[in-house]
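Here subunit A shows up in two complexes: once beside subunit B, once beside subunit C.
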Partner chain A sequence: MNQEIISRQELSRWLESLLPAHTIIAPVHREDRDAFAIIGSAGEVAWDAGRTANPAKEFFFPASETIVRWRTGPAGLQVEAPLATRPQVLFGARPCDGMALDVLDRLLLADPADPYYRARRAATTVVAWACGGEGPGAGPFEGCFCETVGGGPADRRFVDVLLTRYGDDYAVDAVTEKGRQLLSGAKTEPRELPALTPRDTPELPMPPPAAWRAQFDAAFWTELAQRCLGCRTCTYDCPVCYCFDARDRALPDGTIERLRCWDSCQGMQCFAIAGGHNPRPTQASRQRQRYMHKFLYYPEREGVALCVGCGRCVVDCPVNIDIREVIAAIAAAERVPA
Partner chain B sequence: MIENFEPRIVGFLCNWCSYAGADLAGTSRLSYPPNIRIVRVPCSGRVDPLFVMRALRDGADGVLVLGCHPGDCHYSDGNYHARRRFAIMHELLSFVGYEPERVRVDWVSASEGARFSRVVSEFTEKVRSLGPVRRLGAQAATAPAQAAALRPAATSAGQGGGPGQTAQLRELAARLLAEGQAGVVLGWEKGSVRERPLFASTAEQASRLVVPQEPGASLNLATYLHHLHGKKAALVVKPADARAVNVLIKEGQLKREDVVLIGLGGEAGRGPLPASEPSPASEPSPASAYDFVLGEPPVLSDAFVTAPLLDEVEGWPVAQRAAFWDAQFNKCERCYACRQACPMCYCAECLSEQLNPAWQSIAIEAPEQAFFHVMRAYHLAGRCTGCNACSNACPEGIPLYLLNQKVAREVARFFGPDGLKGTGYQAGLSADVALPFTVFTKDELAGGHA
Partner chain C sequence: MNDNPFLPALARLAEIRDLATGIKLFRCEFIDKGAELHYRPGQFGFLSAIGVGESPFGLAVSAARSGGLAEFAVQRIGTVTDALHELQPGDLVGVRGPMGNCFPMDQLKGDRRIIILGGGIGLAPLRPVIQEILDHRDEYGPLELFCAARSPELLVFREEFAEWGAAPRTTMHVTVDKGNEGWTGQVGLITQVLAQVAPSPGNAVAITCGPPIMIKFVLKELDRLGFAPEQVIMTLESKMKCGLGKCGRCNVGDQYICQDGPVFRYDQVREFLEAF
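Showing the complex of A and B:
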């Protein structure tokens, strides 16, 4: 297969040349884990990084964001709603990270679009690394299952550039016009490359939405939730969980700011309403909500699962609640005649 | 030092003595620096260390807590309690990077106008010399390199029970369930990526139980006791977990007869950390702590030994400690896995999420994280038994155990084994010993603290 190739050295030089005008987000080594972070030089990129511990969503939808701030001064009321416009490059994302953006776009860019997300999304070019290929960090990674939710290790649909690793070189696939333009300053050369052997992953079929609905009242949720601690790791780790809360806070200088911060359906108070009523009072009801939202409500509304199969929640859950086992359990229940 | 720096000082003054003392200073025309903003409280015992933490977080450069002299409390013992709490809080604040001189607890009576003026003047000058308060967590600092490992290694011989112990456990669990001695057995099973808690209530489930391979890296199953709704549970416990159950019993959260404790013996029963301090001689006999023991009886007091990193961080200058904790709190995402994994964190509503009053903003940013972790560590004073579940549950690998160990060390420095005056208090060695913040001794911690 004849392909355009770029060396790592050239990629590094290219990234360095982008730095003055772009915010570059890339995987870096951080203590004992790899993580997406804003880099200050191309030397920080962890080329052999595996799946990052954090998803990329914080660079589009930050954990904490001031959406509007105001203060009264001599000039009267001053109101400010800052929008991020600096161009950014998400480098070293995986195809599932790209797919996560597509999943979020369906909700957050639909009318009425979220202006904060839209601004960051429009300013971003995604340069992804295919899973597979040759060399460390190729994947698949523990707990991941992108095929189940319609993705794939070399899925090019939701990225601007897809790089496939061959040792110290990368095959370049400029998918979009945005990607081609960003790449215009990089030197590539054609080379004959062997086709990659597809990876062998265990099959995990996704039950249809109806199968999820049928299990709404199943005792399964209570059993599953027994060991759930009720922490928020799975939702904060998730590249597509988007729940948020907004509240105002006063700063010492008299400025008031409205903050939008991540919230989590696993927190006890997430659904609490005025008067003290909590429509999802048990951990079982909150666990069920998490999976029903991902595999029933969101697919019905947006046409795709609210899950990209990255496996981060699988490896980080302190009590090993495994979303793959939930999917398998619903599939198994579907096979049992009622 | 910043030129023309005028420190902002918050003073919490007891209504009966110190506020009247301040009044007397005023009517006597004694001058004192105008930097202090006074909040009148009914008693120094009303001053929750939370108020101090909040003041510091929101930009107070110093906090002064003044109450009646010990022995003179209008409510007879409020200031004795305040003295105990601040002895611990003070050490904790210093450990996370506040200069200890920024917080002062002292006694001023209604007749001591001159003393009030002097204390405020001295304190103001002291804080002026320190400069503006540093906002904990505000810098995205790089952690100073430390020699000792961030995550404590599990016990050197950290291999859990072999097949023998596991077989013993399964048999015991099946028997407890069959005989109705327990409605559910809480233990561990093999999971898809790690061992995980198992609620075994049938013989089939009991046959899946395993003794954890690395008990020191596991959670504390006692945290689930709050959710069992009256179902009698048998619990597989490490020594630190058994001690946590003792604290819960002392706090009235459950009765000893409501729970069956299955102690992990031998290597599996070792504490979460390698021993670096000798165990005290007074160990309760394991028989009183456990209903059943798998293997050699473990030693309860083995459970809480301190990590080498604690000594290292303690030895650093205050600015280095601050940079270390800034870096740690910057990693935190406020997922609350630590709190949820903790058997001692059973409040129906955490102060971190309380709406009225809202002590914390919902912001997921390091100063809020710092606030939460410091207050949580303080709330565990005399209660944490060192099970390490918080650190083990933390997805970011933050060494939260250090905060708890520091507090436990100070508790042991100030309070005796019976919770009263002395040294060597250890939480949860039995369910009969008083909790240090519920008792006091009149002649302890003399001269106030700080």
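Showing the complex of A and C:
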């Protein structure tokens, strides 16, 4: 297969040339894990990184951000909404990280669009690494199951550039016009390369929405909740969990800010309203909400699962609750006649 | 006007009225006249105590009677409502809205009997419906109002009951769970009064709002009286942080209270009603 190839050295040089005008987010090595982080030089890129511990969500939808600011000026109280506009490049994302953006776009860009997410999304170019190339960190990774939710290790649909690793070189697939423009300053050369054999992954079929609906009152959720600590790790580590809270704070200079922060359906207070009523008072009802949101409500509203199969929640859950087991359990229940 | 749906419009508190113990009515006059809300009965808005936070409240007056002001009934019950209750006339607040769907006023028109059951501050989002019906009395059928509260001090819009009860083809039932020394009216739960009056379900529609526990038992009683789920309309509340279908908390099944509601027919949400 004849393909455009770019060397790692040239990729580094290219990234360095983008740095003055772009915020670049890339996988870096931390003490005990790989993580997406804003880099200050191309030398920080961890080229053999595996799946990052954190999803790229925070660079589009920060854990905490100011959405409204009130200042008292000569003309009285002024209200403003700060929007991020600096161009950014998400480099070294995986196809599932790109798919996560598509999943979030469906909700957050739908009319009326979330202006904060929209600004960051529009300012971002996604340069992804395919899973399944040749070399360390190629993937697949522990717990991941992108095919179950309609993705794939070399899925190019939701990224601007897809790079496939061949040792120290990368095959370049400039998917979008945005990607082609960003790549215009990079030197590539054509070369004959073997097609990669698709990886072999265990099959995990996704039960249809009706199968999830049928289990709404199942005892299964209570059993799951008996293990769940309500620690919320699964939701914060999820590339597509988007629920948020909002509250105001006053700064010493009199400025008032409204912050929105990630929230989690696994927290006891997430659904509680003033006065004490809580429509989901038990961990079982909140576990059910998590999975029903992902595999029933979101698909019915937005056409896709609220899950990209990245497996982060699988490896991070302290009590080994495995979203794949939940999917399998619903599938198994479907096969048993009621 | 702005195109950022998270940005509240600034409004001045033109009037603050005591409605009941711990419940005030806030009438908000927009600084920018272009920010006035155009809404239908049942829709809601967010009211900000700037510096503390914002919460959703039903718009408590019909647009026709609003004079261009947004009107919210607020019970002092948490952080934001505490802060709102500290405000004085003339103070600034933030308002976002209108949001959500509305009561199907057109479907209520004709000769259908309309039964409205409001408990506590749950009467507030029903008030625009009542006003709309009274202002176009000929277009609607008989109206039967059930207004309830835990105690006489918690009955909202009491001074308007005389107007409501005096309207043609309109019956009022006012009850409190527990009376006090000055109370000469009915004592009993709204469900008990409903059972006594026993309105026939024929050609009728019931509309209810109140605390979740009240709605739960009103639904049961209506069912016992023979009302089909399709004949029962309710307006629901939930924790909400955006009103735009984005914050992920107000779903009942796959429907968002903020966008697909807050007004639902019972049959639309029965399957997923975790709230009760």
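Throughout what follows, the second predicted complex is superposed on the first by the 334 of 338 C-alpha atoms of A that agree within 3 Å, B and C clash if a C-alpha of one lies under 4 Å from a C-alpha of the other, contacts with A are read in each partner's own complex, and residues count from 1 in each chain.
One rule holds in what follows: contacts are C-beta pairs under 8 Å (C-beta built on N, C-alpha and C of every residue); 3 or more make two chains touch, one makes a residue touch a chain.
Bear in mind that the values here come from a model prediction, so they are computed numbers and not experimental data.
Aligning the shared subunit A places subunit B and subunit C next to each other free of steric conflict.
Contacts of A:41 after superposition on the shared chain: neither subunit B nor subunit C is touched.
Rounded to the nearest 10, the angle made at the CA centre of subunit A by the CA centres of subunit B and subunit C in the overlaid structures is 80 degrees.
In the superposed model, A:256 makes contact with subunit C only, not with subunit B. Once chain A of one complex is fitted onto chain A of the other, the partner contacts of A:226 are limited to subunit B, with no touch recorded for subunit C.
In the superposed model, A:296 makes contact with subunit C only, not with subunit B. Using the contact criterion defined above for the overlaid structures, shared-chain residue A:245 touches subunit B and also reaches subunit C. Legend: residue contacts after superposition of the two complexes on their common chain; A:270 is shown touching subunit C, with no touch to subunit B.
Judged by the touch definition given at the top, the superposed model places A:85 against neither subunit B nor subunit C. In the superposed pair of complexes, A:9 makes contact with neither subunit B nor subunit C. Remark: least CA distance from subunit B to subunit C after fitting both complexes onto chain A is 6 Å. In the superposition on chain A, the residues of subunit A contacted by subunit B and by subunit C overlap at 245, 247, 249, 263.
Contact residues on subunit C toward subunit A in their complex (touch as defined above): 2-8, 10, 48-55, 75, 77-81, 92, 94, 211-212, 237-239, 241-242, 244-249, 251, 253-254, 271-272, 274-275. On subunit A, the positions that touch subunit B within their shared complex are 31-33, 53, 63-64, 142-143, 223, 226-227, 229-233, 236-237, 245, 247, 249, 252, 259, 261-264, 267-269, 283, 314-316, 318-322, 324-325. Within the complex formed with subunit A, the subunit B residues making contact are 58-59, 150, 191-199, 219, 223-224, 227, 333-337, 339-341, 349, 353, 361-365, 392-393, 395, 397.
Residues of subunit A touching subunit C in their complex: 67-68, 70, 77, 79, 81, 107-108, 110, 112, 114-116, 216, 242-250, 256, 258, 260, 263, 265, 270-275, 277, 279-280, 285, 289, 292-293, 296-297, 300-301.
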